[in-house]
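Shared chain: subunit A. Partners: subunit B in the first complex, subunit C in the second.
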Partner chain A sequence: MSPESSKRFRVSAYNFGFLDEGSKREIRRSTLKAVAIPGYQVPFASRELPIGKGWGTGGMQLSLSLAGSRDTIKVIDQGHDDSVNAVSIRHLIQSCTQVEMTRDSQAASLIQSRHRIPEIPLRKDQILILQVPQPDPLKKVESHEKKVKQLHADKDYKGMWLHLYEDISQWGDISISADYPSTAHERYLFAPSPLPRWDVPKLNHSEALCLLGAGREKKIYAIPPHTQVTPLAFDDVPFTTENFGKASCKNCGADNVYLDEFIDDETGQKTYSCSDTGYCHQRMAERRIQ
Partner chain B sequence: MGYVTVTGGQTAIEEAEKLLHHYRTGQSSHPLHPETIEKQMRLLVDRIMGEGGLYAPDHASLALKQAEGDPAEAAFLLRAYRSTLSRNFYTKTVDPGEMRLIRRISSTFKDIPGGQVLGPTYDYTHRLLNFSLREETEEDFSEFLEAVDIDSEQVEQTPSFKKVTELLKAENLLADSEMEQEQEPVDITREKPAFPLSRSARLQSLARGETGAMSALAYSAVRGHGKVHPTIGELRVGYADIEIEYPGRENESLYIGETMLTEVETVNSFTETINNQAGGLNLGYGLVFGHNELKAISMAVLEHSLATEGEAPVHDEEFVLLHIDSVDSSGFISHMKMPHYVTFQAQLNRLRKFQEEEGGKPEDESRKQ
Partner chain C sequence: MKGDQAFDLVHDSQLIYREMLEAVSRPGTISNIKTVLTKLPDSPVNPGLIGMALTILDGETSFAVVPEFSKLSSYIQQKTGSRVETLDQADYILMHDLSLVPSFSEVIETIKKGTLIDPHDSATLLIQVKSFSATNGAPYILSGPGIASESQVPIEGLPENWEKTRQRANKEFPLGIDFFFVSQAAEILSIPRTTRIRKA
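And then the complex of A and B:
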């Protein structure tokens, strides 16, 4: 911690994990209910945190309520360990828990992420926590929470099917790029958070527990291990993921990964690098050893 | 202790914080004392306490100092601090009818029991910039206090008055309220209430709402996008005693302090029906922390609008209550500053796919614009 910030935030003045124990317990109770009903959005009170709403307060509350002194935590934003918001969140979690932090997805027991799932498949002893801006996929077709709740209860998803159909009739394919509406175990339609399509299949029958937290919207939901996750699609217009053609990472050479695109200032040439920086660094380190 | 990354992001954040500190000092030789803010920025402090949902003038003043006076940031600081406090007690019901008033007006009756008390108000001041305040000194303060001789003891002991709405009630002019009688109010900071909200949850949401957002919506309601045009039955500003149940002793109270409150009761035309019930005047209710009349009146207008059916946005409780919270709205609006590289890449990927398939059609479309 820099001297500047330690002057600002006295750790000893706050409880382990920032929130008071009662609040953490409430969040864990809601989490347990979420695990019991895959894809169902469990309401919770949601506390204000020292970071802005919309900046990961849902994921953060899950992390803070679950973190114990023996945990090792990885925080990524857009796949990146050192993105400013990942740095900020990591810093806060560490300041108020003192738990070990890592960049190595395989060394982490908790991974808090925004918009990405690590490239290396997660294990059953790991928990993935995703930050969610808009937890309800049906908000696209019905803006009122009261009505949306009824639609979920009735498993009435025809509004969404119609939305997808209209999309195809206008564009020839479904235009939704991220946050692709999917079904959890053939029951609840859920928003996988703004993951690119690339990451959605990773949720299907995952070994790890995936928790999704929306702080501003006050909802927690979960995709437990071995849950069937099915992106909505038609028989004749199947779900497809992003395609990067023959491009590969300029740093580590990986080609079967989600890539960030760069334009070279001088040459104007397009280059690519891994979006998952932890994975990329690991590959580069392995190469150096060899 | 784990590793601390020192990277581009980390360094940038630290440097940004230093710069912020630099800007906050304003390179001034006089650090702003929180107490000065508390005493002389009274209305701003009150506003922050209301939006922050924490009645703590000293904390609110500190938050304002730290946030360079940005109300959204200051309210946010208070809310975040609030999250760390455990809830030990619930106060007993406060009766605003018992408030010690500093101001009390009615627009419905000229003559009200106890009389109208104008109190401290900007309403009838002329908004002329007072250039002499530039040179105001400590001596000016004390001279003024001596000259006007306001006995603060006496101010503190202003009696309480019967409420104007009691008169209407006695005359049988109020509509029979079909409002639910809740035994125990919900606590929106401890559970997420489901829509439709109970009245207590609505009132709590409104009480924490952002002043500007609420006045904009209330303005829309009275300007024609809504079915209300109320009259202020009574607006009162004063101090209310706060008591809790004496721990371990039932039926005994413990006085723990006082809060300044602004309470507004609006009277609405008998032609506006609540839940299709006619037959009397309908009330709208607003109660907020501190001295904040604009918000209290807006709250009363919105409270009544939400209890009235109609097509305008102000009659839609999800629309109103989910968009007036300053921490929610400022957080989400500012989150757009965060990187969205991954999702934007995904969007580009879709667009390029469509362009390939349709032979450049979307490009042609964009050229037209």
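And then the complex of A and C:
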């Protein structure tokens, strides 16, 4: 190779996206594999990031390996754009990519989230990135990594079914409120991350690609668009989402959304508001215009 | 000015990755990485194929070139640090001219499909084809994850019965192989192991 031809390569903006190019390439290779094998956890060499543990280093690494100058990014934490976590993550992404940030889910091309999927259905030109603390539902029934991998290899999910059965025997219903074990493409059991049950059906035949990253456990997995996602359930105890009855949001009036419950200290009365604050603010703004 | 024409390892790789991700997420969708066409003037083969290789290969990966083409192998080695491996061990298989491959099915049978414990330890194929032109290409109907119901794609330049060879390699999901095709116009199209194919 002549020196002239190697000069034709350019490496600009050193550490664009904080991660070095080698780290990004590895995450990208793992992500492409993850999409090809829906729900299967692809191992990757998770990197240290200058954010606290439990702040979603898996999601961050996915976002940083995806982001480019054409992107607009939204960061949400438990439905909020303005929590300490969301603000820190947003700040880090912005400072090392100069990518545009937004609170409007519809304006975002990448949405990094913890614990929620936005209420407004995602589109095909959007990618949802979920932060995952524990990527393997089987860790509830088997602690050894090697054995867990073998169970996935054999599609042996008896332990998980037994776990659910015992739950029903004890509580009369499935008591799992978040991170509901589900299967992807009728093959792999996967953890949808600590979403409420409300959000799990949004992954089924979604228009958007969903990528899940577990930094501490060093795993990346994916639910491609238009992929079957089935929450585990028995015929006589079907999967159900949270039921808020006739409650609606005290700020914007929305019903048929996932609501946070508050109890008034003085009156003891229950009030509700949208968990997805970006959605709530948007509805309030629209109503003021009208 | 000349600097702006060069392949940018940070930003061009990011763009190509996103197109590859889009392609594998929605099998049969045609994405394009045309930006590379003018940026890799010293490519020994179509810049589209090189662009994908530069985006995902490095010293942590291995590759094989089929049919053998030392100019291409050494170019990839020098630019990415990826190492040449035998066909049965390589992570990435680069096929730059299918018309010179004596037996496509032998290649497919040889390359790694992963194991039940590590299904991701399988080969990914980067294949140069002529075009995705509706007038010249043989039409295939795809279904499976990433596809709402069915999508029809024409691919020009694939060997007869390639889809049956592929089907045999992918019969035991999650084991299997994933394809990225690139046309002469630097459009890309992916067919991962989950996609079902039939001839239209």
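Everything that follows uses one rule, which is that the second predicted complex is superposed on the first by the 275 of 290 C-alpha atoms of A that agree within 3 Å, B and C clash if a C-alpha of one lies under 4 Å from a C-alpha of the other, contacts with A are read in each partner's own complex, and residues count from 1 in each chain.
What we mean here is this: contacts are C-beta pairs under 8 Å (C-beta built on N, C-alpha and C of every residue); 3 or more make two chains touch, one makes a residue touch a chain.
Small disclaimer: the values here were computed from a predicted structure and weren't measured.
K.L.:
Taking subunit A as the common reference, can subunit B and subunit C both be placed on it without clashing, or not? Answer clash or fit.
P.N.:
Overlaying the two structures gives subunit B and subunit C room side by side.
K.L.:
Which of the two, subunit B or subunit C, is in touch with more residues of subunit A?
P.N.:
When the residues of subunit A touched by each partner are counted, B comes out ahead.
K.L.:
Which partner chains sit in contact with A:G253 here, subunit B, subunit C, both or neither? Use first/second/both/neither.
P.N.:
So A:G253 meets neither subunit B nor subunit C here.
K.L.:
Tell me which partner A:V87 touches in the superposition: subunit B (first), subunit C (second), both or neither.
P.N.:
A:V87 contacts subunit B only, not subunit C.
K.L.:
After superposition on the shared chain, which partner residues are touched by A:Q98: those of subunit B (first), subunit C (second), both, or neither?
P.N.:
In the superposition, A:Q98 contacts subunit B only.
K.L.:
Looking at A:P121 after the superposition, I want to know if it touches subunit B, subunit C, both of them or none. Which is it: first, second, both, neither?
P.N.:
neither
K.L.:
Quick check for you: in the superposed arrangement, does A:P133 touch first (subunit B), second (subunit C), both or neither?
P.N.:
first
K.L.:
Mind working out whether A:K149 is in touch with subunit B, subunit C, both or neither, as first, second, both or neither?
P.N.:
It touches subunit B and subunit C both.
K.L.:
After the superposition on A, what does A:A36 contact: first (subunit B), second (subunit C), both or neither?
P.N.:
A:A36 sits against subunit C, while subunit B stays out of touch.
K.L.:
Based on the superposed arrangement, let me know which partner A:F18 touches: subunit B (first), subunit C (second), both, or neither?
P.N.:
Touch partner of A:F18: subunit B, not subunit C.
K.L.:
After the superposition on A, what does A:L49 contact: first (subunit B), second (subunit C), both or neither?
P.N.:
After superposing on A, A:L49 lies in contact with subunit B but is clear of subunit C.
K.L.:
Could you grab the smallest C-alpha gap between subunit B and subunit C in the overlay, to the nearest Å?
P.N.:
Across the overlay, subunit B reaches subunit C at a minimum of 8 Å between C-alpha atoms.
K.L.:
Touching subunit B and also subunit C: which subunit A residues?
P.N.:
1, 5, 21-22, 26, 43, 149
K.L.:
Note which residues of subunit B are touching subunit A in the complex, please.
P.N.:
Against subunit A, the touching part of subunit B is residues 1-5, 7-10, 12-14, 17-18, 21, 76, 79-80, 82-87, 188-192, 194-196, 316, 318, 322, 327-328, 330-335, 338-343, 345-350, 353-354, 357-358.
K.L.:
How about subunit A: which of its residues touch subunit B in the complex?
P.N.:
So the residues of subunit A touching subunit B come out as 1-2, 4-5, 14-15, 18-23, 26, 43-50, 52-55, 57, 72, 77-88, 90-91, 94, 98-103, 115-116, 133, 143-146, 149, 171-173, 175-179, 194, 196-198, 216, 218-219, 242-244, 258-261, 275.
K.L.:
Where on subunit A does subunit C make contact in their complex?
P.N.:
1, 5, 7-13, 16-17, 21-22, 24-26, 28-38, 40, 42-43, 65-69, 124, 149-150, 153-154, 185, 187-188, 209, 224-228
K.L.:
Spell out the residues on subunit C that touch subunit A in their complex, using ranges where they run on.
P.N.:
Interface residues on the subunit C side: 3, 5-11, 13-15, 17-18, 20-21, 24-26, 39-42, 55-61, 75, 78-79, 115-117, 119-120, 124, 145-148, 173-174, 176, 178, 192-194.
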